[in-house]
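Look at the two complexes coming up: subunit A is in both, with subunit B in one and subunit C in the other.
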Partner chain A sequence: MSDISSPTSRTGTWTRASGDMPRAVLVLAALVAALAPLGLNEYWRFVASMMLIYTLVTLGFNILLGYLGQLAFANVAFFGVGAYAATIAMNGGLNFIPGILVGGIGGGIAGFLVGIPALRIRNYQLAIVTLATGELLRWLYIHGGSITQGSSGLEVPPMTLAGLQITTEIGKYWVFLAFTILCLAVTRNLLRSSVGRAIVSVRESEAISLGLGMHAAGFRILAFVWSGALVGVAGGMYACLLGRITPESFGLTQLLVHFSMVMVGGLGSFVGSIFGALLLTAIPETLRNFPGLEEIVFSLLLILVLRFVPEGIGGFLGARISGLRDRFFGGKP
Partner chain B sequence: MFAQLVASGLVQGSIYAVIALGMTVLFRSTGVVHFGYGAFFMAGAFAVYVFSQVVGMAFVLAFLAAVAVLVLVGMAFERVLVRPIVHGPHVTVAMMTVAMSYLLTGVARFFWGQEVLRMPPIVDVPPIFVGSIVLTAQDLLIIAGCMALVVAFFLFFARTKLGKLMQAASQVPRGAALVGINVPGFHMAMWGVVAGIAAVAGTLVAPVTMLYPDMGAHLLIKAFAAMTFGGFGNLGGAVLGGLLIGLAEQLAGFYISTALIDIFAYLVIIVVLIVLPNGILGKKEATRV
Partner chain C sequence: MKRMTAILAAALVAVANPAFAEPGVGEDTIRIGIFAPLTGSASIFGRAAFGAEAVYNEVNEKGGIHGRKIEVVREDDGCDAARAISAVRKLTAQDDVFLIHGGVCSGTVMAVRDDLERQNVPFVILGAASAGIVKPFKKNLFQPIPNSDVVATQMVDFAMSKPGTAKIALISHTDEWGETNSRVATEHLKKAYGLDISLKLALERSTTDATPQILQLRNAQPDFVLAMLYPAETALLVRDAHKFGMTTPILGNFGVSLEDTRDRVGDMAAMANFYTFYAYEPALSSAEIEPWTKMITKYFPDHRADTFSYEAMGGALAVIEALKQAGPDLTRDKFIAAMESIKDFQSGILNTPITFSADDHAGVNGGAMIAYRDGKPTVLKTWSE
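Moving on to the complex of A and B:
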C-alpha cells in the first residue's frame, strides 16, 4: 500500500521567495478590493462580502490541509462554532467587533480541542473523526435548547459602529474587508516566520523535525488553533452578514464547498486560497436559480482543475509570476 | 422490544456493511478512498427507478440494466478521471471522487428536482411475524442480499486466483506489473465491480428510504465510520463495523433518546478512535522512517 502518512507532501525543491510582491502592489490590491464593489449592485456587494468570508475560511482550511498536511475536515465545525459563539456574544450585548473576535476565540478553542486527538490519530482515521465532530456539533445546534434555538436558528443583532447602525451592504463589506486584511496580514507573517517553516517541516518529515529539536506536537496544535481562529472569525462575519444562522448552514455541503476552494486554489498556497475562494463563490451565485446545474458546473470545474492543473490556481500562477510564488510550495505535485 | 430493535438494527447495519465493504474493496485493491461512493449508491437507485418506472421495464430487467449502467459508469470514471492523476497526492484523488459525487448528485437534482420519488417494493408480500418481531419481506431481502454480497466478496478475495491477483496488484503494483498483471486494467475492473455493488445496495434500499439526490451523502459517512471503526482496509472489520453501528443506533435511539439515533454512530467513532486509533480489528501499523 502506498504511503499515506502525508497526503499532501510533495517532493521537489522548495522555492525561495525570489521576489516578494512589492508593497505598492499590495496597497493597490487593497485599494481595488475596497473600491471595486462600488461599481456593483447591492446583491453583488453581498456576494463580495461572502468572498471575503470564504477567503478566510479557505486560508484557515489550507493551513491544515496544505501547510500541515493533515486530512482534518473539522473546518465546518470551526466555522459553525465561530458563528454561534459570535452570535451568542452579540445577543448578550457585545458590539459586533469584539463579537467577531469572540468567534475567532471560539474557533481557536475548537481547533485546540480537535488538535489534541489529531496528535494520536492520523490519515483517514483523522478524517472520519473530524467529519464526525462537525456532524456532532450540528446536532448540538439543533438540540441545544434555548441557547441555540434548534433548527430555526439564532437571530443576529444589527451591526452598529459608534452608535450608528450599518445597514448598507457596502458598509458591511468595508468592515469585513478590514477584518480580512488584518487576518491575511497576520497569517502571511506567521506562515513566513520560523513558526510557518516549522509547520511545513512537520508536514515534510515529523521525524526530522523532532531530530532537529522542534516541538512537533506543539506546532501541530498551533496550526490547529490558528486554523480554527481564522475560520472562527469568518464564522462571526458570516453571522453578521446574514443576520440569522441556522444549523443547516454548517453541514456537509458547506464542508464540500470549503474543500473545493482549497483544492482549486492550490494546497499550501496563500494566494491560491484567495483566488479559489473568489472564483468558487462567484460561479455558483450566477447559477443559483437552476437546481442541479450549480452542482454540475461546480463539479466539472473541479474535475478540470484536478485533472489538468492539480497544483491549483496558486501553483499555476506561482510558477509564472515570481511575486505570487509561495515559499513552501514545492514544484509539481 | 429488544429483539425487534436488534432486527431493525441488523437491517440498517447490513446496508452500512455493504457500502463499507464496497469502499474497503476499492481501497484494498486500488488504494483509493472513494468519497463519492454514496453517490454511486444513489445513482444505482435512480437507475433502477428510471428503467422500471419511466422506461417501464420489468423489475428484474431494470435491475440488471441499472447494474450494467453503474458498472460502466464506474469503469469510465476510473479510466477518464482517476487514472491520469492516480500518482499525485492522495488528497487530489480523494477530491476527484468528491467531484464525481457532486456531478452525479447534480445530474440527479437537475432531472428529478428536489422531490422525493417513491419506489414500489420489490416483492409484495405481507410482513412476517417471528415471535414478537415484525419483519417486512423487504427487510429480509436487504439482509439476505447484503449478506450474499459479503460472502461472495470474502470467497472472491480468499479463494479465487483473480482475487489473489487483485491483492497482489494493490500491494506491490510495480511487482505485479512486472510479472505480467495488467494493473490499470484490474483497477478499472474493480471500479466497475464496486459501482455494481452500489447499484445492488441502492436497489435493495430504495423502496424503504425512497429516492432523493442526497440519499447517498449520509450513508457515505456512516459507511466511512463503519470501515474506520472496524479497522481501515479490513474487509471483516467493515462488515462488523457496519452491523455494530446499525445496532448501536437503534438501541441508543430507543433506550436513551430518539434524538440520538442520528448521532450515536459519530459519538461511538470519536470515542473508539481516540482509544483505539486503528479500529477494533485493525493491526498497529509500523511506520518506516
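Moving on to the complex of A and C:
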C-alpha cells in the first residue's frame, strides 16, 4: 500500500518514457555544465558547486519520498553524517576521494539504521521518528566534544586530489561535477533497472510485490541505504566546499530546503530533482540583497507549484518533452 | 587619432596611480562589506550591523576620509556558516570590498576567517565574542569587542567585589560554548581568589522549565550564580528564580541584553537580582546614550535601538581611525598596520579603550555589569558602585 500520495497512485497508471534523451544532448548538457563557470566570478562558481551538491541531496531525498513513497525525513541526518564522517576522515589523513567515500558509507549506514524501523512503522510515525533522528544527531554534533568540536564546528582540510591541493572555486566545481555526473549516472541506471522497478512496485503495493515473490523489505532497506549514501556523498562535498561544518547547518531549516527542492522539482522525478535543486539554490542567492524577500519568494513558489503544478517541474516538463519524461512518473497526481 | 591618444593617456594614468588598484578603493569611495544575521532567530544580534553602518554614514556626512566616502554593502548570513561563506564570497569576488566588518555568530566567523586570511582581506569582527576567534593569531583579523574570556573573568571579578563572597555557583549549557565559558570562569576564580565553584549545574538549550535547577540553587545558598546561558534560558532562570523567591544575584553573559531579558521575563520585580555583562560607557536609556541612538535612527528610522545596536559602533570608529591613519594612498597592508597601531582608543561608546598590537588583535580587555536600580539601567564596575 502506498504511504503517501505518489504521482502514480492516483492515476493508477505508469507512463513509460516514449523515448530517452539522445546521448548527444546529455553530452552537450555535461559540456555546458563544465564550461559555464568559466564565465562566472568566484562567488557564482561557489554557488554553482552548491547547486551540484543540492542536486545529489534532492535526488537522494526523492528516492525515499518519491520512488519508495515513504514519509521519511532523515535526509538532513544523512547529510550531516556524510559531512562529519568525511571531515573526520580527511582530518585523519585521507585525501578527497577516500574521504568522500567515507562520507557516502557513513550516510549509507545511517540509511540502513533508519531503514530498519521503517520496516515496521509507516506514515506519520515514520515521519516523527526520522525527524527526531535528525535532531538527535544535531544534538550529538553539539555535544560531541573533541570529535565534533561542538557549536564552533569542525575545520575541513583543503581538498587534496592526487597530491594536488584544490583551492580555487573552479577546481572544486569540476571535481564536484565529475562526482555528481557519476552519482547521477549510477542512480539513473539503478532506478531504471529491475531494482528501481521493484522499489516503485513496493511503493505502489507491497502486498502485490510480495505476491510476485519480491523481497519487499530488502528493497525498502536498499532504497534507504542508497538514499543515505547519495546524500552522504553530498554531505562530504558540502564540507569540502565550505571548509568548516557546524551543527547549525544540519537542522530543520536545512531539511525544509531539501523538502522544498523535492516538491518543486516533482515527487519521483529524476530530472525534477535536478531542476528543483538548481532553482532553489539560485533563488536565495539572487535575492541576497533583499532581506526577507527570500523567505517570501521561497514560500510563494512552493505554494504556487503545489497549487498549479502539483507534479512539479519534472512532471510539467515530462508531459511536454518526451526525453525528460521519467520512466515511472505517472503525470498529474 | 585623438581618441587613441585619450585612451592611451587614460591607461597611463591608471598604471601610474597604483592607489586605485587596491580592491574596494576608488577615487572617491572605500567599499566596506558587512555581514550579520539580519533575518532568523539570531537577528536580534544582527542589529549591530545598523550601528556600524550608522557610524559610516555619519562619517560620510562629515566629508568622508581623505576625500573618499564609505560605501557599505550589507549581507545577511542568518547566523548560518554556509550562508556566511556565500555572503563573504560575494563580498570579495563580486562586490570587491576593501575590508569586511562582519560576523556576529562565532560559528560564521570561524567558517570564513581562513578564506579571508588567504586573500589578505582585513576582517574586523562585528559582534562575535568567542575568544577562539583570535586564536590562532591571524594578521588580518581584529576583534574590537570584549571576548568570552574577558566576559567570564569580569563576571567572576564582579561577584568577588562584593565583600564576603565565598560561594559562587555556575549554571551553563552543556555545549562547547557553555563549557568554554565555564572553564574560563572556574580557572579565574581559582587562580585569582583561591576558590572553587561551589555548585555546577547544567541547563539544556530550549528548556522550558528551570525548577529543578532553582531548587538546587536555593538549597545550596550561593552568594552569586554565574549564568553561562543564551538569552532565552537566562530569562527562564530569572523568571523561575523569582517564582521560587530566590534572591541570589544572577549574573548574565555578554550575549544577554538587560532589556531583552526584561521583555522576556515580563516582570520588573523579577529583574531586581539580575545583572548582565555590559560593554558600553553610557547606560541604556540614559541621556548619554541618546546621541548614539539618534545616530542609528537618523539613518534607520524604523530601527528600534537596543543593547546589540551599539555593539559594533566602537569597532566602526576604530576602523575610521585606522583609515585616517593609513593615509590617502590606501592599501590593505597599510590599513592593517594602522589598526595595529591603535592604542587606548576611546570610542566614547565602549567602556574600555580599544588597543591592538602587532601580535594581539583582541582589542577590548575589560567591561562592566548593568542592572536595574530604581527602575533605571545602571552601569556597575564593581558591586559597591
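The definition used in the following text is that the second predicted complex is superposed on the first by the 319 of 333 C-alpha atoms of A that agree within 3 Å, B and C clash if a C-alpha of one lies under 4 Å from a C-alpha of the other, contacts with A are read in each partner's own complex, and residues count from 1 in each chain.
Everything below uses one rule, namely that contacts are C-beta pairs under 8 Å (C-beta built on N, C-alpha and C of every residue); 3 or more make two chains touch, one makes a residue touch a chain.
No experiment lies behind these values; they were computed from the predicted model shown.
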Touch count on subunit A, higher of subunit B and subunit C: B
Touched partner set for A:143, first subunit B, second subunit C, both or neither: both
Touched partner set for A:132, first subunit B, second subunit C, both or neither: first
Partner chain in contact with A:295 - subunit B first, subunit C second, else both or neither: both
Which of subunit B and subunit C A:248 touches, first, second, both or neither: second
Which of subunit B and subunit C A:267 touches, first, second, both or neither: first
Set intersection of subunit A contacts, subunit C complex versus subunit B complex: 143, 291-292, 294-295
Subunit A-facing residues of subunit C, complex: 38-39, 75-76, 79-82, 85-87, 89-90, 92-94, 106-107, 110-111, 114-115, 118, 130, 132, 174-177, 179
Complex interface listing, subunit A residues touching subunit C: 41-44, 46-47, 50, 142-143, 145, 149-153, 155, 167, 169, 238, 242-246, 248-249, 253, 285, 288-289, 291-292, 294-295
Sites on subunit A touched by subunit B in the complex: 1-2, 4-5, 7-10, 65, 71, 117, 120-125, 127-129, 131-133, 135-136, 139, 143, 207, 252, 256, 259-260, 263, 267, 290-296, 298-300, 302-303, 306-307, 310, 333
Residues of subunit B touching subunit A in the complex: 31, 33, 81, 84-85, 88-92, 94-96, 98-100, 102-103, 105-111, 113-114, 170-171, 213, 217, 221, 224-225, 228, 232-233, 259, 262-263, 265-267, 269-270, 273-274, 277-279, 287, 289
